[in-house]
Amino acid sequence: MVFDKLVELFLKFPGIGPRQARRFAFFLAGQNEKYIEELINALAQVKSEVRQCLSCYRFFNGAGDKCGICANKNREDIVMVVEKDVDLENIEKSGVYNGKYFVLGGVLSLNNGSESGLRFKNLFEKITANKPEEIIIATSATVEGDNTARYIQKVLEPIRQAQGEPIKITRLGRGLSTGTELEYSDDETISNALKNRK
Amino acid sequence: MVFDKLVELFLKFPGIGPRQARRFAFFLAGQNEKYIEELINALAQVKSEVRQCLSCYRFFNGAGDKCGICANKNREDIVMVVEKDVDLENIEKSGVYNGKYFVLGGVLSLNNGSESGLRFKNLFEKITANKPEEIIIATSATVEGDNTARYIQKVLEPIRQAQGEPIKITRLGRGLSTGTELEYSDDETISNALKNRK
Amino acid sequence: MVFDKLVELFLKFPGIGPRQARRFAFFLAGQNEKYIEELINALAQVKSEVRQCLSCYRFFNGAGDKCGICANKNREDIVMVVEKDVDLENIEKSGVYNGKYFVLGGVLSLNNGSESGLRFKNLFEKITANKPEEIIIATSATVEGDNTARYIQKVLEPIRQAQGEPIKITRLGRGLSTGTELEYSDDETISNALKNRK
Amino acid sequence: MVFDKLVELFLKFPGIGPRQARRFAFFLAGQNEKYIEELINALAQVKSEVRQCLSCYRFFNGAGDKCGICANKNREDIVMVVEKDVDLENIEKSGVYNGKYFVLGGVLSLNNGSESGLRFKNLFEKITANKPEEIIIATSATVEGDNTARYIQKVLEPIRQAQGEPIKITRLGRGLSTGTELEYSDDETISNALKNRK
């Protein structure tokens, strides 16, 4: 049945459970032909028009093998490793970073530590080929993010040492993020905020 | 740009804001051809295979003008007026009702009271033609739901009076719903729970 | 240490955890003599001035053995059995009830079903002595509340049958409470709302 | 009425609204004499036994003018300025700091910027008298906390400059706090995390 098929497909959407998947299917059943047609057209184009950058692996609308950021000569020769496209978008939106990126594709799972779907090999190759001035590991400040950051460091260690001049690998600063109150801070945040005081 | 178009279309999905619409678009960009193809096929079929029942206006998978519930001779000759398809599904799931339904398509908006998209006229015609034993108004216990229920009663009033034997129009019982604690109940719920005690 | 003692005592307050108990202690340490004195005076008076009604067991400010509600001859000869004082207050606030009350003191615990602290015996005695026209069991619509209600019915069964004319025992009506949407209702609420339609 | 007086006094407790204040009053009415007596005794002692340290202004159980931290010669000669006692407690609990403290008493209000109740003058005097190696401003990473931090810096500026060797004034490090995900970070946190990378 097409209805159940739709529900099954929507269940794979990020953050969508059974109830909302059914609401989506009912919503679509109630839309006019024009809306459905536009959605089908956009979906048909997404695989042809949205390309994955061969340098940073983010998805972008456009021609060529490289996205606008990777192709931009005015960007600094720094590579920030992020978990996913939306992280990159949020950092770009902040306007405080003018380097380049590498989208890893997620974090190591705590359950099995599986690398499946993560681009450690591509990262190794890109860094070997490009030798940037600095690599900023920008995974989340969570247990998974920290594990993944350590694994990235291990993966990149041979390159770092093989260089004539060792490559600089950094991680985003830890401390109080906006809104943090001391009364409710965990020990690690207090410790980092203290170490990184200035 | 196809990406922005996708985000724009997903923004119309029920309960989806800009951030989640972007996540959906990135999710789709990262899916393989097979998934996208399946989604396109399901969408193409939704308008051909999912029909709207000409009797109760719910969407259903199947052939013919009437859905399985409306076509079922063993169902009682009662019509429950619900706001939307998911309400009907939830009531069916409970297994406590064995009558028929009518899907109104929503509630009167508090802003403008617009009937747009609501099937008052279809309801009037159905009831005029079918003369069921009872009509149960099953709108939500909210201000909008109550307004809509009163409006339904007004719409059906001429039929109710025109009958030789007046048609029975009821509303779902009010009182304590599962989980309600007296300490936190509003006056209306206390009042209804008291009136409907037994 | 007095500080730790204060924290220990505040931990017994309803809904107060360790963090808030400490905040209370620090708050008090920072108050002036006048505030502390007022608080001590109010506490000293609470046991002398706040009495427990010997008829309904609620706490009240005032003289005599009976609270204002129990002493009021214009109140109907109905007894509503509630879990706790704040339930009674909330029902009084609603202004829809003009009978009397009985404060049970809580609900049967699901863990051990212990009656400790609950006034089943006092209820039995009051009903035996007073023979009201009706007893309304107004426990919460929760599993504990329902268990307790059934237990109250069992306790009162001998009185109900012993009467020349059987005493009327009712429970608050079940159905949709204010704000309930059909889409999210559980089976029991749907079932009750349907049974109690009118 | 003593009951209403209790409610009025509990309403001043931090984070307590009318409903919980009533629950507290009913709770107390239901306690035995022993509990009430213990609470009264603890309250009577709080003003005599809990002292405010004349050096850091925190409340402590004990004798003398100085709290255990201020009197401890093994503590480093650093002063961390915190908003309130519970912040100090949370930092002590983390075990990562071995200096001393100064409890300011709150933050500047955004409404009126009133200094009322805040110990800027005491801070100025303490720093003038003690000349510590470093002052760490540890207000929250909120708008109020930041305003207050800037005001502290202004207050201490004359001392900082008057010294032969300028006194070191730092603020807690900003960046990702535990649990922060890049996707949901605000611009300021991203900017700080980037600046403080290492």
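Per-chain numbering from 1; labels A, B, C and D assigned in written order.
Just so we're on the same page, a contact is a pair of C-beta atoms (placed from the backbone, for glycine too) under 8 Å apart; a residue touches a chain by one contact, two chains touch by 3 or more.
Here the structure is a predicted model, which means the values were calculated and not measured.
Common neighbours of subunit C and subunit D under the contact rule above are absent. Remark: subunit A and subunit C have CA centroids separated by 54 Å (rounded to whole angstrom). Subunit D has its Cα centroid 38 Å from the Cα centroid of subunit A.
Residue positions of subunit A with contacts to 2 or more other chains are 84, 86. Contact topology of the protein chains: cyclic, one closed ring where each chain has exactly two touching partners.
The touching residues of subunit C, counted against subunit B in their complex, run 82-84, 86-87, 90-91, 93-97, 136, 138-142, 145, 170-198. Residues of subunit D touching subunit C in their complex: 1-6, 9, 12-15, 19-20, 22-30, 33, 35-36, 38-40, 42-47, 49-50, 52, 59, 61, 84-86, 89.
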